[in-house]
Amino acid sequence: MERIKTGIEGLDIILNGGIPKNTVTLISGPPGSGKTILCYNFLYEGVKEGHKCLFLTLDKKVEGLLIQAKELGLDFQPAIEKGQIKFLFLNINKKLIYETMTNEILSGEYDRIVLDSITPLSEMPIYIRNSEIKNKDINIINPEEFTPDENFPVRRLHLHYIMNALETANCTSLVTSELPVGSNALSRDGISEFLADGVIVLSLDPTMDRRKITVHKMRSTKHTLKPQDIEITKGGIRFR
Amino acid sequence: MERIKTGIEGLDIILNGGIPKNTVTLISGPPGSGKTILCYNFLYEGVKEGHKCLFLTLDKKVEGLLIQAKELGLDFQPAIEKGQIKFLFLNINKKLIYETMTNEILSGEYDRIVLDSITPLSEMPIYIRNSEIKNKDINIINPEEFTPDENFPVRRLHLHYIMNALETANCTSLVTSELPVGSNALSRDGISEFLADGVIVLSLDPTMDRRKITVHKMRSTKHTLKPQDIEITKGGIRFR
Amino acid sequence: MERIKTGIEGLDIILNGGIPKNTVTLISGPPGSGKTILCYNFLYEGVKEGHKCLFLTLDKKVEGLLIQAKELGLDFQPAIEKGQIKFLFLNINKKLIYETMTNEILSGEYDRIVLDSITPLSEMPIYIRNSEIKNKDINIINPEEFTPDENFPVRRLHLHYIMNALETANCTSLVTSELPVGSNALSRDGISEFLADGVIVLSLDPTMDRRKITVHKMRSTKHTLKPQDIEITKGGIRFR
Amino acid sequence: MERIKTGIEGLDIILNGGIPKNTVTLISGPPGSGKTILCYNFLYEGVKEGHKCLFLTLDKKVEGLLIQAKELGLDFQPAIEKGQIKFLFLNINKKLIYETMTNEILSGEYDRIVLDSITPLSEMPIYIRNSEIKNKDINIINPEEFTPDENFPVRRLHLHYIMNALETANCTSLVTSELPVGSNALSRDGISEFLADGVIVLSLDPTMDRRKITVHKMRSTKHTLKPQDIEITKGGIRFR
Amino acid sequence: MERIKTGIEGLDIILNGGIPKNTVTLISGPPGSGKTILCYNFLYEGVKEGHKCLFLTLDKKVEGLLIQAKELGLDFQPAIEKGQIKFLFLNINKKLIYETMTNEILSGEYDRIVLDSITPLSEMPIYIRNSEIKNKDINIINPEEFTPDENFPVRRLHLHYIMNALETANCTSLVTSELPVGSNALSRDGISEFLADGVIVLSLDPTMDRRKITVHKMRSTKHTLKPQDIEITKGGIRFR
Amino acid sequence: MERIKTGIEGLDIILNGGIPKNTVTLISGPPGSGKTILCYNFLYEGVKEGHKCLFLTLDKKVEGLLIQAKELGLDFQPAIEKGQIKFLFLNINKKLIYETMTNEILSGEYDRIVLDSITPLSEMPIYIRNSEIKNKDINIINPEEFTPDENFPVRRLHLHYIMNALETANCTSLVTSELPVGSNALSRDGISEFLADGVIVLSLDPTMDRRKITVHKMRSTKHTLKPQDIEITKGGIRFR
């Protein structure tokens, strides 16, 4: 079983060397818990190992992300210029967002992909249209066959669609989910945690001023279920 | 009363020898609690006993399942080649998913069947059409007689339909249900636990790093209601 | 005030001799709590006393019920053959389920009737049609007069309809309701407990491995409100 | 301020002599808490004082009520024969239920009226039509002026309508509301407690085998807010 | 900053002399907590100071209110006869309720206005029509410009409309809101507390037989957040 | 990294000098917690530093705000007259509210902007029309491309739209969100906290008569998560 380093040493130790290759791991947490920073660590490690990387983002302008990462000591500019990593803004207000995303995932030959975050996508009831999906002989939704009726709970379908695309792409991916503060859920949608191969939750305790990381599930990996203390510092997330 | 071994020794002891033959048992639990692994144990035991087995799956690619099982020491490849076990992917995005599933269950002459999981099926409001169901003289839904109106709560109907098919098939089955973390419910849909003959819940306690199994209900069986400590290890689930 | 023995000695003592004749009692509880077994006890007692009995069931095949009862030492086969008891499967997927049920209740001249369970019926928004109800001069819904509009909360109407049919039939009845685990409610629908003359709740506590029965309400009966310890054993439910 | 005796001595003491004349008091409680029995006490006291009384009921057959009351030592038969009290069954399945009720309330010249219970009425979205309401120069809904649109929350309107009719009738009334077990609400609908002049809650504690009554609100009356212990016994409700 | 006395001495002390002039204060509380009585105190003080006063009521007949107030020693009859105070019943079943209310508020030149209560108004989805609003050059909703679509959450609009009318009228107002028992919210609608300049909550604790008042917010006023003990007695609300 | 002083000394210390320039910070809290006052401090500091400032308000008349601020010792009148700060009332009942707001934000060349509050905007399902948005070459919603269907959850779209406008404007902004009392959420809508670069929560504890401020998230800033005691006094918010 080949394992992919996360770029966070303590996490790799807990996971017996890293995340299993070609799996999808959900990273959940409330605002400010460090979900995006964990993704920076993951992709920065990828860049160091010569992997081809993709960062799909929905909530921020790309420049702001690059500045934030650089301030943490994770400068992606050289890798961008070499074409080793791509930051792609997915505009939630565009009709073709699903096609744009799927085409990039399937045609880019990436080793590592981050989708930050899956929450707005799972909440959008825009139906998938039959369009320019280039690679057709993969096992994802065939739009011609499927006509959702009006009251259809599309959330699960959207999530299946996205997870399938990532699984099909022969890469190792992280997908973030936005948890409300105080929630004990493993994802905002309540479904992703069953579709993903792994689930990692970030949490913070304001009264104790403490941050924690918990591995709730990881395929083919015997791991502790106990929360671990972390801090966010120069270099990103670090185990205490 | 004939009993079917679960492949987990401790569980068979609690159940006075195993699950009653020709019943449907619900296996519920949150993500990472070991629902799928319990199903591997159940079918691997079946293979050892010369039973004909079927694994119906909705959330993963079959290859990933086989790899995960093999890593636990449960290699299904030889049995697949001998035609003793079949892993069938049910595509939630296909219109004929119910017919595909029902036909396989009713015509395959299986001894043991696993459906992993029933949750996405129970949440899909796609109506059952009159189609290629081969065995008609059984007591399941007759589509010609039934025209659901628009606001019909189809969930219960779907579950009746699936449970009826499994009961009719003269086999012993396990059906998994996805519980949200922290839920005390016995199924995600709130109905399956009343339709099934048995209910087994898997749980995990992150702060204590402990896993448990509880038998909530088992027809024709006097059993303890107390949670039992388990671990997931080489060979699958084992009582501690 | 004539009282009807329940077939459970401890329960009859609490109820000053049994359930008042010609009343409807609700039996609520989570899965595995023994609702159906309590109904077996009630009808087996009826058979012993020479009463004419009816068991209306929605969730299981009749054969399975007879086997389960026989394993508990309650063999209904001889009484079935003598025509003293009838087990009737109500198919939730048939349009005429209400008419079938009502006609049987009203025309069968039963002394004891069990409806196991009322929950699926209360959740079905299929409107009652004007049809072959034989006994018309009773005080139940007159379908010609009533045209429910689209958003009508039919649940309460269904329950009134069923309860009225049972009250009209001059028999003593038990009606079961499926409670979610951990619920403190007295019925799943939140209405039946107000319509029934009596309410008995079965509960189980997994951590303590204990089963209890509580009489919440019983018309014309001064009774304790305290939960009583029971066990399920040879012969059905027994007070400890 | 004239006060009307409730027929329960302890309650009259708490209320400084009884309920203020010409007011509407809400009686709320879970099933089995004694709501209907409190109403028997209220009307039996009325009969003793020579008042003209009306009992409006929705959930039971009248004969059952009379038997239950008689078993408690409250025999209404003589008063019925003298025409001093009327038990009127309101059929929830009849279109003209509101008109029937309103006409009886307004034209009957009653001193005491009981409505048991208001809950099914508040949950029925059947609109009030312009019909045989005899007394038109009172301040209740004028149906010609009001065309409710489709999504209108009719519950509050229904309750206003019923409360207005009772207030207009120059009588002292009790209205019961069905509380779910364990609820801390003062009514099932969440509105009646603001419309009524008084609110009395009945509760029961199964683990302690105790019944209580609490006066939450009573116009023009300085009263304790503390729950009082009661029992249901020969003669109905009695303070302990 | 000019302050308006509330008529409750203890409350005026907490508020540094009273409520700021020309503001809107929300009075929230469960049934029986004394909301209406606090309003009586407020208007009775206004009458004593020679203010012109308006009491807008939705739930009761005016005569009942006057009797209740008089029993508390607050006799409004003389002031009504002098035309110094007006009690206006707003009929929730009339289409023109908003226009009636707004016209009275804007044209009456009142110093103090009470609206008891805002809850039924906020729950009515009847749209504001272009009609006889006399004073048009004020900054409230211009009905011609606004066509609400079908799913519009009108609650917030209604509340803005009412609050704007009160703010425009150059008076000091109290608006009551009906809280469910046990609620910690500051209003029933969850919005009024943000629109009002002040928020005062009345509460009662049945087990301790105690009543309290808490000032949660008051513009331009430094005040304690602690609940204060009160009692309802001759003269209305009094600090203990 | 340039930082913008908040006008509250203690807060600037916690934030290592202030809020990062050109970011959007969410200020959440229940009514009376001091959200608006924190905004006054922020803009008053801006005025002192010669910044061009904008205060967008939805809930109050501008004059009332200026009086309230002046009473706290924060007199904006001179700056208004010099054209250094603008208070703009956004009328929630006008169709063009989004265009008005966006045009002002994008064309005004402001250094500091306050939006008080975002809650009513996020709850209004009025679609954005193609209109007089002056600056078109920015990355916000292009209305021509987007036709929301009827059931579209517009809340997230609205919030994206507003946040994007603020991010595009090259200014540092505060956006307030109205929290229900007792809520542990970071915003009323449950989405803003993920879109904003920073999240600051104000809270109050009535029983302890204490006010607190907590920084839950701040981009590019290592900060404590612990709540800090504050008071509202002359000069606005001050750390204790």
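Think of it as A, B, C, D, E and F in the order they're written, each chain with its own count starting at 1.
We take it that a residue touches a chain if its C-beta (ideal position, glycine included) is under 8 Å from a C-beta of that chain, and two chains touch if they have at least 3 such contacts.
These numbers come from a predicted model, not from an experiment.
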Along the graph of touching chains, what's the shortest path length in steps from chain D to chain F? 2
Stepping chain to touching chain, what's the minimum from chain A to chain C? 2
Cα superposition angle of chain B on its copy chain F, in degrees to the nearest 5: 120
Chain centres computed over CA atoms; the one at greatest distance from chain A is chain D
Look at both sides of the chain D and chain E contact and report whether the same residue positions are involved, with over half shared, or different ones. different
Determine, using the mean of C-alpha atoms as each chain's centre, which chain is farthest from chain E. B
Between chain B and chain C, centroid-to-centroid distance (C-alpha), Å: 30
At what distance in angstrom does the C-alpha mean of chain E lie from that of chain C? 51
With centres defined as the mean C-alpha position, give me the chain B-chain E separation in Å. 59
Considering only the defined contacts, which chain D positions touch chain C in the complex? 30-32, 59, 61, 64, 67-68, 71, 91-95, 117, 119-120, 123-126, 150, 178, 180-182, 204-207, 209-210, 232-233
Touching residues (chain side chain F, partner chain A) in the complex: 1, 139, 141-142, 145-146, 149, 151-153, 156-157, 160, 167, 184-186, 190-191, 193-197, 199, 214, 216-220, 222, 224-227
